[in-house]
Amino acid sequence: MSAEIKIEHLNQYYGKKQALKEVDLTIQQGMFGLLGRNGAGKTTLMKVLATLLPKSDGRITVCGIPVEDSARIRKMTGYLPQDFSMYPNMSVYEAMDYLGVLSGLSTAERRKRIPYLLEKVNLQNDRKTKVKALSGGMKRRLGIAQAILHNPRILIVDEPTAGLDPEERVRFRNLLCEIAEERIVILSTHIVGDIEATCEQIAVLNNGEILYQGTVSGLIEMADGKVYTAQISRHELPQLKERYIVTSMLTLGNNVMIRFIAEKKPFASAESCDAGVEDAYMYLMNGEGSEA
Amino acid sequence: MFGHLFIKECKQTAKSMIYWLIILILLIFFNSQLGSMEFAEKPEPGQEDYGMVAGGDEQATMEATLGYLVSEYRSGSFTTYPIGFYKTVKPSQKELKRIHEIVTETTGLSTDQEIDDAMTAAQGDSQIVYGSSPVKPKDGLTFERFCALMEETDDMLGGGSNYSKESLKTNAKTPMTYEQALQQYNDLTEKDHFTGAYARLFSDYMGIMLGILPVFLAATRGMRDRRSRMQALIASRKASSAVIIFSRYFSMIVMLMLPVLLISCIPLSECIKAAGGGIRLDYLAFVKYSVGWLMPTAMISTAVGMVLTELTDTALGVLVQLIWWFLSVFSSMSAMHGGIYGWDLVPRHNTPFNYEGFHAGFSQLAANRALYAGISILLAAVTVWIYSLKRKGRLDIRGKLFGNRKREHKA
Amino acid sequence: MANYLEIARENIRHNLPVHAVTAGILLCLSPLVLGVKNLPLADTAKVLEMYVALIGIILIPPVFLPEQNPDLRDLIRSKYTKISTVYSIRAIEAVLVLALYLGVYILILHINGCQMEAPAYYAGTLAEMIFMGGLGLLFYSLTDNLIAGYMIPVFYYITAMGAGSKYLKVFYPFSMTKGSYTEKYWLLAGGVILMATAVRIRSRK
């Protein structure tokens, strides 16, 4: 059995609306980042992979098993939805135990695995805390712990860092990287920083279509030589924003330091600089240099 | 996996507010209806009154029923209780004509004058038969023919009239003799072993509650996953839909029957006290009746709640069960005395006596209970099917009903 | 004022219809199972008290339903309009729908030749509806569970049927059938207090 997910010609419809169009993807072991705006189709794609949505059209195999065989897929998949919670009156341990039973773990396995995972997500001191009393970050960590409870070969996490504070976000990314060492982890996000820090392979989705698939460095290469910085006066800014994709700016008194994308050097004072993932993503999303 | 899940579901039920409310209601209801039980005593000869007994021989039944028929025919309006609510039925001219034919065939009376004379004669009679003034049937009328004609009349009136099968059994009422009273008491102690009769009375009352309360538990359980946004976490796991749904279903049944069995210890202990020595008691009677009589009721109302909640993610199950319960309880009020169990959701037997009726209606009761137990398992299986479809994203009735959009509140 | 109308309209558009239609269906079905023609006084009262009044349980408890999600509740609470105002407006609308339905129903009974003391029957039945609905609303607010909000008034109804006035005394709901109206004043007062208490409790949660 090959440890990869193959998606071929996947089309997905909600009534008349097409949520995914002709998606072709191969996902291998390690962290795989799915990047795109809200509503780009990331959640739909992940739900199909987690067998929570029937695919409308196309072919998907997970480690050689067709996605229609939901019983076998569920056995080896862990899923963390974007919007989730657990029975509020259960304690952290009880909730894990309940989900462990649903995953078919024996009592001995649960006794061993739950404390281990709670420690890993730094919830070992909250075993008896009720789910309703957890903060957003704690709930996310509990979420990731439940998703890997049955040691799945594939882990699907939908927008896991949404609503986390910066410190928690860093910790969470590290945790995911650690988990990804021996399995496929698919992570969706609309926050470019998440991908930059963790993923080697990525895909960019826009309006249900794959805009880019490949490595992070490959994405950056696309924008290479097209990123400039310049110091301009404030009143020039609106005009510039109209013509170029501005990826960041910093106000310095009456002047503004901007970073923007242009196909060729736009004016004398602009200085070329190295592209980052964010620049490349903005470049891609705005239609590869669709400058005015 | 099933066993572990079953236990976890039981624990969850034990922690839910609605469960304890149900127990509280069961206790209050038991206390208000059976809190101070009065036990039957052995009748002594020479008592002034032994109570009335419904029914009588064929002659008395015909006389009493025909008494109703002629007086209602003359007034042109018939009283019926199709589901326990009073309903006046005014038959059409064509139907009245047919009823007139029936009156003539059964009583020999034809003109209005003859009928009025007969009614006056009946009322003037010193022998009072409760409920109606008896009118003599025509000579040569067989009981079979009489029953057939009454059934036809009842059908014309839409059911629930004085001429229905059930009514025929109770239209004539006669005072009980000492022998009859003694026989009834002996049935209670010997055939019913005392406890059996009171277990039946217990079932009669508790069945009313178990016909409706479980649906609230099932609806709450069914909505809990959605409310706590846990659906996807559960749906994406290995456990099969059958294991998930049936562990929930059986745990609810067990947790519902537990308080019923515990409460039944109270009347049992009172029975033991009241019986003293002398009577051979059936100590397991309350358990037998709880499982055989009450459990199917709890099973079906749980299943209705479960299947409709799973299908719609709304409280629709509560409404449906409430309507069914309402119709059933009101329509079976005429059969309160027991013996006529039909296909009622809540079979009634509101007396420690009438063992005879119970015995005669037993196979009907057994069929009734088996049917509901069977249907409830079937509904649970349908729930499994619905759940497995929802799990794969193939069914979303709620989404269709309310729309998936997250609407903005302008308030 | 315009703001209040907006709340009322929002409720009419999104929340009320499902429950109002359900209650309407229940009333339309009544002629199938019970007599609604030429009823004597006591039987008219029975139909109103034991059947029609049940729609109070359907219409009043869901007043809190749109904000079942706690996050949404916080969102609404953060707005200028008090959440208790929103609830109160919805509760009043529910009572208005009940009043309307009941009026139409009694009119039909009257046309069908049922005997009645129309004003007393109207007010008495409405009082019972408000009491049963208020009871449900209170338990909804206490348990945060709509289902409990349906269950408790249903239990009250069954108790009234079984144990009757012996236990419920002045809160006995089926008194008109026996020709007594004093209970209805208690039911109305009790119902209003229950609803107000429920709104108060819910607004703080």
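So that you can tell them apart, the chains are marked A, B and C in the order they are listed, and the count of residues begins at 1 in each.
Rule of thumb we're sticking to: a contact is a pair of C-beta atoms (placed from the backbone, for glycine too) under 8 Å apart; a residue touches a chain by one contact, two chains touch by 3 or more.
What you are looking at is a predicted structure, and each value in this text was computed from that prediction instead of being measured.
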Chain contact topology (line, ring, star, complete or other): line
Chain with minimal offset from the mean of all protein Cα atoms: C
Farthest chain (mean CA position) relative to chain C: A
Whole-Å gap separating chain A and chain B, where each centre is the average of the chain's CA atoms: 58
CA centroid of chain B to CA centroid of chain C, Å: 27
Centroid spacing, where centroids are CA-atom means, of chain A and chain C in whole angstrom: 49
Per-residue multi-chain contacts in chain B, two or more chains: none
Where chain A touches two or more other chains, by residue: none
Complex contact set, residues of chain A against chain B: 47, 50-54, 70-71, 74-75, 77-79, 81, 83-90, 97-99, 101-104, 107, 146, 150
Chain A partner contacts - residues on chain B that touch it in the complex: 1, 4-5, 8, 12, 15, 224, 228-230, 232-240, 244, 391-394
Contact set on chain C toward chain B in their complex: 6-7, 10, 14, 18, 22, 26, 33-35, 37-39, 43, 46-47, 50-51, 58, 66, 68, 72, 75-76, 79, 81, 86, 143, 145-148, 150-152, 154-155, 158-159, 162-163, 167
Complex interface listing, chain B residues touching chain C: 17-18, 21-22, 25, 28-29, 32-33, 77, 80, 82-83, 85-90, 205, 208-209, 212-213, 216, 219-220, 223, 227, 315, 318-319, 322-323, 327, 401, 407, 409-411
